[in-house]
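Heads up, the next two complexes both have chain A, just with different partners, chain B and then chain C.
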Partner chain A sequence: MSAVDTAVAPAAVRTVPAAGTDALRARLTRRLQHGGWFVAPFLTLFALFVLFPIGRGLWLSFTDANISGTGERFVGLDNYREALDSPLLWDSLGHSAYFTLLVVPCIVVLAFLLAMLAHHIERAKWLWRLCFFAPFLLPSTVAGNLWQWLFNPGTGMINHVFGLDTPWLTQKSTALLAVVITTLWWTVGFSFLLFLAALQNIPRHLYEAAELDGAGAWQRMVHITLPMLRNITGLVITLQILASLQVFDQAVVMQDFGPGPEESTRTFVQYTLEEGFTAYRVGYASAISIIFFVLIAAVALGRMWLLRKREEGVR
Partner chain B sequence: MSPPLPSRRGVLGGIGALAVAGSFGLAAANRSASALASDADVRVRYWNLFSGGDGANMIAMLDAFRAANPRVGVLDSTLQWGNPYYTKLAMAASGNRAPDLAVMHLGRIPGFAPGQLLDPWDVRLLAEYGVREADFNPVLWKRAVVDGKLYGLPLDIHAQLCFYRRDVCEKAGLLGADGDLAKVTSPEDWFKALKAAKKAVEGAVHTIGIKADEPNFSWWFFLSFYTQLGGTCLSADGREVTLDTDKATQVLEFLRQHLTDGYSTAIGIADGESFVNGSAFTWEGNWSVPVFSGAKLDYGATPLPPVFGEPATHTESHCFVLPHQSQRGGATNEGAHQLAAYVVKNATAWARGGHIPAYLPTLDDKKYVSLEPQSEYVSAMDHMAVEPSAWFAGSTGLLAQRIGPVIASSNVGSAKPDATARRMKDVLEKLVAMKNPMEGRSAAEGGSAA
Partner chain C sequence: MSTAAVPRKSKWTPSQIVLTALGVAVSAVWMTPLLWALFTSLKSETEAVEVPTHWVPQEWTGQAWKALFESGNITNWFVNSVIVSVCVTFIVVLVSALAGYGFARTEFRGKNALLGLVMAGLMVSPAVLGVPLFTTVQSMGMVDTYWGMILPQCAPAAMVYILYKFFQSIPHELEEAAYIDGAGRWRVFFTIVLPLSRPSLSAVGIFTFIASWNNFLWPYMVTNNPDLMTMPNGIATVMNSYGIQWAQLMAGGLMAGLPLIVVFVFFQRQIVSGVAHTGLAGQ
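And now, the complex of A and B:
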């Protein structure tokens, strides 16, 4: 029944001007009668757990609400004004952005290289895939604690193996870098999997034809593999940017909930948490969450716009 | 070949077996829950933040209470120390799902909305269980009173101490005739002592651990020496910043010299281990006593050296509080009073974890007096350097979180002491001007400065 509806829908929409509004209303009613019940559970949950909290957060950002939820007063744009004036906000935003700048290119290159390796290797394929993907299955607390041990200056394996004497987590110059290294190891598996799936989808006959034409391995890579992976690379970059901007748990675990040496690992999400749950300033924390939401949405939309522009250029 | 599919009867049988097993499990769980309250007339839900040696001590004391008071069931939960604990406590109290009794740091009371998130103690009821104001250190009791009502029942004082290894210090000639560390009364003498100790230290450990990079400890050590100089952070009414940048610079330079002269390192994380492995000194909280005693070291512990004249060492206190419940009262509330009074009065057992009991009669208890090194640092309670009384202060509060990293940056050498002192003043001024979210007034406007 619903399949038939879906099939006729585009035609029905196209004939709207001719059929008039009554006919449209009748069709909409019929479709709601049939499909409404199916989407109702989703819509309810969506409204309850997404729309309502967003709306409530937006309202709270204009109040001086505290954690006990009593006596909130409307303060207009005060929270936003204070947030944009706060050096802590800009510092923490800087750390999140710097982290993103370091992580995203590394993840893309690393995931691509690992995927190529796992795709071309002949023996024990499953072992390579498991090795590269397994860390992604760990909870962030496990990954954070594990690397906290590895980075321990006295007893950790990193200094021992490389013959270093670096206090990784307790000096400003290396603390965020340590979080970056941990994140690469922990999350590269997901992008690796996306690249691997895309590699497996490239038709073999393209390579065979290229080989017949005398193309070498490098030429096949530059003229077939990389162009065929363009879409997936775009997806990986977008997802990684969004995930990296929201960096929080591994950094916090590795610094025992502190802001790191000279506050060098306090990320934007951590700053929000501190304001909301240490200082109990829920209104202010909501305002900085909204600022962050707008920033992230802008990055995601900007990335989409760039992608579309490029696709139009290709056409 | 695919494995044979189970028959319909097999599947139904399996589900039935699971259901039966599940109901046994539920029944067992139910039984254990009701067993908790089976003989008890009331059940007191109690939250605390004690882990490690402290946790074991607290559990032993609760067991003793249960044995002595079978009519009161105690359902205790140990939660992670620090901000996560305070967030949970605040949210439970605001959502009217608070436990009947909880532990918190005394310095956090002004910021914990007394009257809103905390209920006051019934002092008359406490007296019935044998606990009176006269039995407590007056400084502690006064800090727990807001608007004339008692909101915290002090359990202990925990202090920052100077732990020293007798074997190393003896070799360096730093022990007095009684075998304890000889008193040092100036920065010059202190660094002379460190110079001698450095020669006596063997192996690749530093001379003293001062947790130079750790924000909380950095703040606590700063506060200790700054108080020795007679410095204050806020005015008595909490409305104005009184930080003296000259005195602060002097303290920051003193702390930093431990690193520049090569007695300590910027990596504080291994200070305790370093001490066990042969460092002459470490500055640590008294909660390290079980660790060092467990390692069978020949060591002693004194309050931080009074290098700037007046002795003073940073202290905080654990106290019992009654998280806000809209229906507080009745037998459960009475049980909470009884349990808290019991633990406070039997604090000798608690002192094994290194804490100084707040209940003064304990200090005369022979069992307490014979505890080593506990009895060596009892004087810390007479020279307490405490955080200013303000809504943003107290253990791991907003003040420590904002000012600690600033001090640490001077300790490890990436910021100059005088610039750091000015930044500290700036942090304090921002906090004083910041509205207390629980009551909408800043400290400058007279908000929550007890």
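And now, the complex of A and C:
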């Protein structure tokens, strides 16, 4: 994705020995053709399990198909019309969006702070990495169960430690918040690792030069660390937005596969699966999947568009 | 935070003491939930749900762990998890290394269009298109089979993209010298390119393994048979279904998480350097 990679590669080609270049180049070109065999295995899987389902989903979304997949009838845009009119769609989309809005900024800031801490402590580096990354190594269902247990009002540790009496998982105002807290603890490790690797990639001499020029710790952070981390921060934000919009596992596990108090934790993915696998309305579920796909694609394309604009701005 | 220019094995400067103390405090908070799971798993079921709750078991017992192995299908689930994750990792590493190289270094008709398609695939996950993916897999007759669990996880556009970026950064001269000596495309790939890519390949492999081991949504959709379930699935759907026994649930959860934590302890250096190498962090 970096402009640097693509700019460097052609330059490297040009440094090939000059003698007999034309004949050599022709021979190499011949050797490099028919590379299709390299990509064929992946493309087969990709066509079967990505492209075909997209096409099939698109087709099914215009039908009234049920789970048995027989005797479906073409119904035109009916599914889309019904979906966009359904309060359940907007509610579940709202929950996913609210979740995303809370999780993304917190994760970015938290991951950055933890990475700075782990990067700057000189001793036992492996220990800090292990501590902050370990929760990410738990399956989502285990993290969900664990925090369901921690948030349990009578026997859970959260209320006990903070001297509260909050029924976290059974009241509307805190149920989704509990999922957010669980997610922060569980997933921050991944972004933490990305930041940590990026911090290690910053050339040391930049700091040494700045120090010679009399820059203090704060100035070094503002003028070197933060600018050097700009790209990774953009990546972390995009990945987190895409992952958070798709939240499902923790939310259903913490609510024992239900929609939560007053249906307050039903996320978009959960809504899709309920329509598809519980109500057996595969056509309708496909229509909401396609709506969701368009939404996700818009976020991803928006990020690419921003990147391109920035690269043009740099030139 | 004035440590950037300090040599590696430093003295206990005041700032290091403060930072280390902070690190200890934050890690303690971070590890507390896991520690609590461990303590709960060593209580008896009745003690686990006692109010008011307490940290350390008054009576230490391995009863929950014993019950886990005696009653549950936990060993079964564990074996299933191993089979599925190992197969997925093997196929993904092989297939995406080939494809990444094909896109980065060879020519064929329609390459750019196909590359564009793969990039579009970055936006699709079972969460986004789960229902159509399920009906597809269903029509192939792969519901409730290992293949049905494994193959749909084996087309990760992201891994192809990461390796594609990496292969682009390898100097052309290395390959060209081999071509001039008469080596074929495949030989160059296996004897020159792959050995050079070990850090990137292991990062891709480790992340694929983690994702597959912890994948809940897809196996949840594609299997109903408790004999075929993986660890995260079995624990979430079967153990919860007959009334939650917290001590046993915590023991099961720790069992499910343990293998990856062990893997991480041994491979963390490779993981961090792999992340740096694949260019993920340097974007």
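What to note about this one:
The rule is short, and it goes like this: the second predicted complex is superposed on the first by the 278 of 315 C-alpha atoms of A that agree within 3 Å, B and C clash if a C-alpha of one lies under 4 Å from a C-alpha of the other, contacts with A are read in each partner's own complex, and residues count from 1 in each chain.
Assume a contact is a pair of C-beta atoms (placed from the backbone, for glycine too) under 8 Å apart; a residue touches a chain by one contact, two chains touch by 3 or more.
None of the values given here were measured: they were computed from a predicted structure.
After overlaying the two complexes on the shared chain, residue contacts for A:Gly36 are found with chain C alone; chain B is out of touch. Looking at the shared chain after the overlay, A:Gln171 reaches chain B, while chain C stays out of its contact range. Counting the residues of chain A touched by each of chain B and chain C gives the higher count for C. Once the two complexes are overlaid on the shared chain, A:Phe62 sits clear of chain B and of chain C alike.
By the document's definition of touching, both partners, chain B and chain C, reach A:Gly154. Applying the stated contact rule after C-alpha superposition, one finds that A:Phe292 touches chain C and leaves chain B untouched. Contacts of A:Phe277 after superposition on the shared chain: both chain B and chain C are touched. Legend: residue contacts after superposition of the two complexes on their common chain; A:Val253 is shown touching chain C, with no touch to chain B.
Residues 65, 67, 69, 154, 277, 282 of chain A touch chain B in one complex and chain C in the other.
The residues of chain B lying in touch with chain A in their complex are 82-84, 86-87, 90-91, 93-94, 113, 116-117, 213, 215, 266-270, 273, 392, 397-398, 401, 405, 408-409, 412, 414-415, 434-435, 437-438, 440. Within the complex formed with chain B, the residues of chain A that make contact are 64-71, 73, 152-154, 167, 169-172, 257-259, 261-263, 274, 277-284. The part of chain C that touches chain A in the complex is made up of residues 1-6, 8-10, 16, 19-20, 22-23, 26-27, 30-34, 36-37, 40, 48-53, 55, 94-96, 98-99, 101-103, 105-109, 111, 114, 117-118, 120-125, 127-139, 151-152, 154-155, 157, 160, 165, 168-169, 171-173, 176, 179-180, 184-185, 189, 210, 213-214, 216-217, 221, 231-233, 235-236, 240, 246, 249-250, 252-254, 256-257, 260-261, 264-265, 268, 271-273, 275-276, 279-283. Per the touch definition, chain A reaches chain C in the complex via residues 1-2, 5-6, 8-9, 12-13, 15-16, 24, 27-29, 31-39, 41-43, 45-46, 48-54, 56-57, 60, 65, 67, 69, 114, 116-118, 120-123, 126-142, 144-147, 149-150, 154-157, 160, 185, 193-198, 200-201, 204, 207-208, 211, 216-217, 220-221, 231-232, 234-235, 242, 246, 248-249, 253, 256, 269, 272-273, 275-277, 282, 285-286, 289, 292-293, 296-297, 300.
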